[in-house]
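Following are the structures in question.
Paired with chain B in one complex and with chain C in the other, chain A is shared by the two complexes that follow.
Here is the complex of A and B:
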């Protein structure tokens, strides 16, 4: 298999009046051609900022401070992190090579244009299609994502569609130019449960049909279990664990991952009392605890070790790494 | 959209009836009726009163009939274009007002365009370069424009034009054209004078609209659909104007509805200062002299025009915002 995206040492910071927010702080991950990488973590851990860094569409006040985002296209490679955010080079990648779908299907379409208009724009800009041809392809995409009555729906406005239909339209738009990588930023969080699984099924099917790679961002490990090949667990802007999906579920190395796993509701398992949730609250990114960021909430906290220095990402074996002193024994690497 | 249009037009009918009733009530307000006033006029000028003529007028206006009949007769005549006679000028009202109303509408439309063009340019600039020097300058100038009364701006402009360019900028026409019939040359002359009232009257509205556009656009710029559009890889220009700007300028369309009434009611003083042959000053004068047919006709026509303006602005809003259209 071939890598299509390599992120290495990515740091994206926001410079605010109340201090520097290290939203993404030294993140690395690889995406293989045709595979699905899941990114999990609690709210605020930097998933969205990481995703937006890949397209270089970071909000005002933030920028990529260092690191590389290398996109491979055949023999060609581009470092997206080094491109000018408003330049022509990155615009050829956005939408065309790497597309993105978002959490809020309600507000992610402009309310004043039909969904057809917004999907066709993509085809007209990147494929240089005429209106008739673009419309034909947009209808085809809508059919493909399971939209009922696509010929009629194409002329409807976003507010006329249900949340699930809007998310389908969003997927149709993102996949219309046949991108090689799709970044899905919590595509199901805003939907109700039955619709959620339909959308995940749809993404899975399309991913196989089109052999698109996906970065699936979620805070729901259930979604990860269903669709991902590789998993990256993030905590406060850092990668804390990285493994193929089976290994991660069977044999989590980081106490944070274990805690996340314990908090998924399982079908068939009787819930006694409340689901266990991770104790404590997420610290403020502007005021991080010394040592391992997770130690105040960690059940395996070792005083004098965990609060002394931030552990490196350590390899347990060739495809499983975790940022915890417990990996390979407390003092394995020194 | 058609349903919306029909509904909206049907809604106008009761409003129109209410406006005409109110206007009629205003005409009836001064003590005595039209004939007593007319006879008093004649007496004052020492002209003879012909009983036959008085009787004919009494018949014509139905003055000895019930008030409802009088109203019906009046509104029927008004719809046909007979708006009665002005005592003050001794001329049919229709002769007096159409040109003034026409000029008022022209000034309104030009003011609206001026307001739109300037506030669009400045508003978009301010929002996309928030907290830049240009933004601060625009904000400062905007507040100045909002806070200065228009007649002040008029006086300052007139003084400056006179002092520095030796030019008189009052009125809408050069003295040579004032009483001329309409011609192309007169039109050109009018346009040369037009910028003064347009700037004076448009300033505060422009300043207000800049604030509205800037605030709206700043709001829209952070909406998720803008991020979606960015992720599509379209050009910066298209990204800005097709997406956030398109939504942020919707309030512009609402200004169509209130520009005309604003110019009539708010800018009468400005018109007096600038000596504009528009509706405001004549309306003011007709009220002062209790020239009720003249005043009533003005009120009626301007109200109807305002209503039409509101209708146009509602239709434009529905056209621009599908969320309204499909309610």
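Here is the complex of A and C:
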């Protein structure tokens, strides 16, 4: 398999009045052609900022400070991190090569144009299609994502569609230019559970049919287990664990990952009594604890070690890494 | 009304009028809650589940009389006998408010940012003239302690707290008047997952130690399975299934419950269960389908489902605690999620 995207040492910081926020701090990950990488974490972990960095659409006040985002296209490689956010080079990649879908499709569609117009615009700009051809393609895409009555819906405005249908239209728009990588940022979080499972099935099917790679950003470990091949767990701007999906769920190495997996109630596996919870709350990104960021909440905290230095991301084996001193049996003795 | 009940809801309806045109004429009604019957027992956690628009939150808000019911009875076992909350006038609600309290979903919008934690928690105590002065302060301190917050924090403002801590403040406020029935409306769904378990544990602990009854409204079925004793599943304003939690999750009798359970993403990549894909979307409560409201999405639907509205009943051969609104309940063998 070939790498389509390589992120290495990415740092995206926000410069605010109350100090520097290291939203993404030294993150690395690879996306293989045709695979689904799940990025999971809670609020403030930097998963969304990381995703937006890939398209160089970081919100005001933030910028990529260092690191590389290398996009491979055949023999060609482009470092997206070095491109000007408003330049022509990134615009050729955005939407055309790498597309993104968001949690709330209402905010990513313009309310004053029909969804058909917006999908057609994509096709006319990026693929230089004429209006008739673009409309035919847009209808085809809407059919493909399971939109009912696509010929009629194509002339409707976003507010006329239900949440699930809007998300389908969003996916149709994102995939209309046949991108090689799709970034999906919490695409099912705002949806009801029966609609969520329809959208996940749709993404899985399209991913296989079109062999698009996907980066799936979510806070939901259930969604990760359903769709991802590889998983990256983030906590406060850092990658804390990285592994193939089965390994991560069967044999989590970082205490944060294993504590999370234990604390979520599972359907059909009711635990008697209380859930094993994680103590404390997520620290403020502006006021990070010394050493390992998770140590104040960690069950395996070793005084003098975990609060002294931030551990490196260590390899337990060739495809499983975790940022914890306990990995590889390395402990306070050495 | 038997002794072990705290609330008996009968034929509860809440319809919202829809208006149109210059004269704002009523052109129809959104039947948000359309004739539901259930009871809440003492010391019980009753779950209300369903997708958006099913009426679960409206039901809870109507019980709290934040909304006035359109029809039906809500018999509440108050300190001094049975009261029909549905019939009370606005100015008669005052003593009931002390006994029925609510915990909200969003801990960011449910606390006034201009009030200190002490003012927030003390307000209900002052309104109901339950404490003043030093007694008030010590009551606030003990409430904070009870929900796991340091009493020293009482002079701070909500912005100084994280989501989970704010939810604890909201819980302390709800419990300040020693209510007997607490309506929890999605109490953990706005919280980070590493904090959810803490709040769920706190809610369970308080329910047990204070002998409270909860109506627990939630869309997350894993959470509902963990905390509740009984569950009512709602669809477009009606209860379609009502049963003890274990029975409902282990052996559902309504096709909607079965599909709902099968849609939940399971955090286990080794499990590749066959999913039941529901076609289409939740029906519009202002214009629901004829017959069984679920029939357009039901894979078992027959002719009579399109015309006859099923009522909630105990199917033949089932325990009398398990009721379902489905014509075909006796014929269907449905799958639950019980662990192998």
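To be clear about the criterion, the second predicted complex is superposed on the first by the 320 of 334 C-alpha atoms of A that agree within 3 Å, B and C clash if a C-alpha of one lies under 4 Å from a C-alpha of the other, contacts with A are read in each partner's own complex, and residues count from 1 in each chain.
Just so we're on the same page, a contact is a pair of C-beta atoms (placed from the backbone, for glycine too) under 8 Å apart; a residue touches a chain by one contact, two chains touch by 3 or more.
It should be emphasised that the depicted structure is a prediction, and the values quoted were computed from it without experimental measurement.
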* To do: Give one word, clash or fit, describing how chain B and chain C relate on chain A after superposing.
  => fit
* Which superposed partner A:264 touches (first chain B, second chain C, both, neither) -> second
* Asked: When both complexes are superposed, which of chain B and chain C contacts more residues belonging to chain A?
  -> C
* Which superposed partner A:249 touches (first chain B, second chain C, both, neither) -> second
* Quick one: classify A:122 as touching chain B (first), chain C (second), both or neither. => first
* Asked: Given the touch rule stated above, what does A:55 touch, chain B (first), chain C (second), both, or neither?
  -> first
* Does chain B (first) or chain C (second) touch A:102, or do both, or does neither? -> first
* **chain B versus chain C as contact partner of A:196, first or second or both or neither** => second
* Nearest-approach distance, in Å, of chain C Cα atoms to those of chain B in the combined model -> 7
* To do: Could you pull out which residues of chain A sit against chain B in one structure and against chain C in the other?
  => none
* **Footprint of chain B on chain A - complex, ascending** => 52, 55, 57, 59, 86, 90-96, 99-100, 102, 104, 107-112, 121-122, 125-126, 157, 159-160, 170, 173
* What does chain B use to touch chain A in their complex? -> 222-225, 227-236, 242-243, 246-247, 320-323, 326
* Structure fact -> In the complex, chain A touches chain C at residues 42-43, 148, 162, 164-165, 192-198, 200-201, 219-226, 228, 245-246, 249-250, 256, 259-261, 263-271, 274-279, 281-282, 297
* Asked: Contact residues on chain C for chain A in the complex?
  -> 51-52, 162-165, 192-198, 200-201, 204-205, 219, 221-223, 225-226, 246, 249-250, 259-271, 275, 277-278, 280-282, 336-339
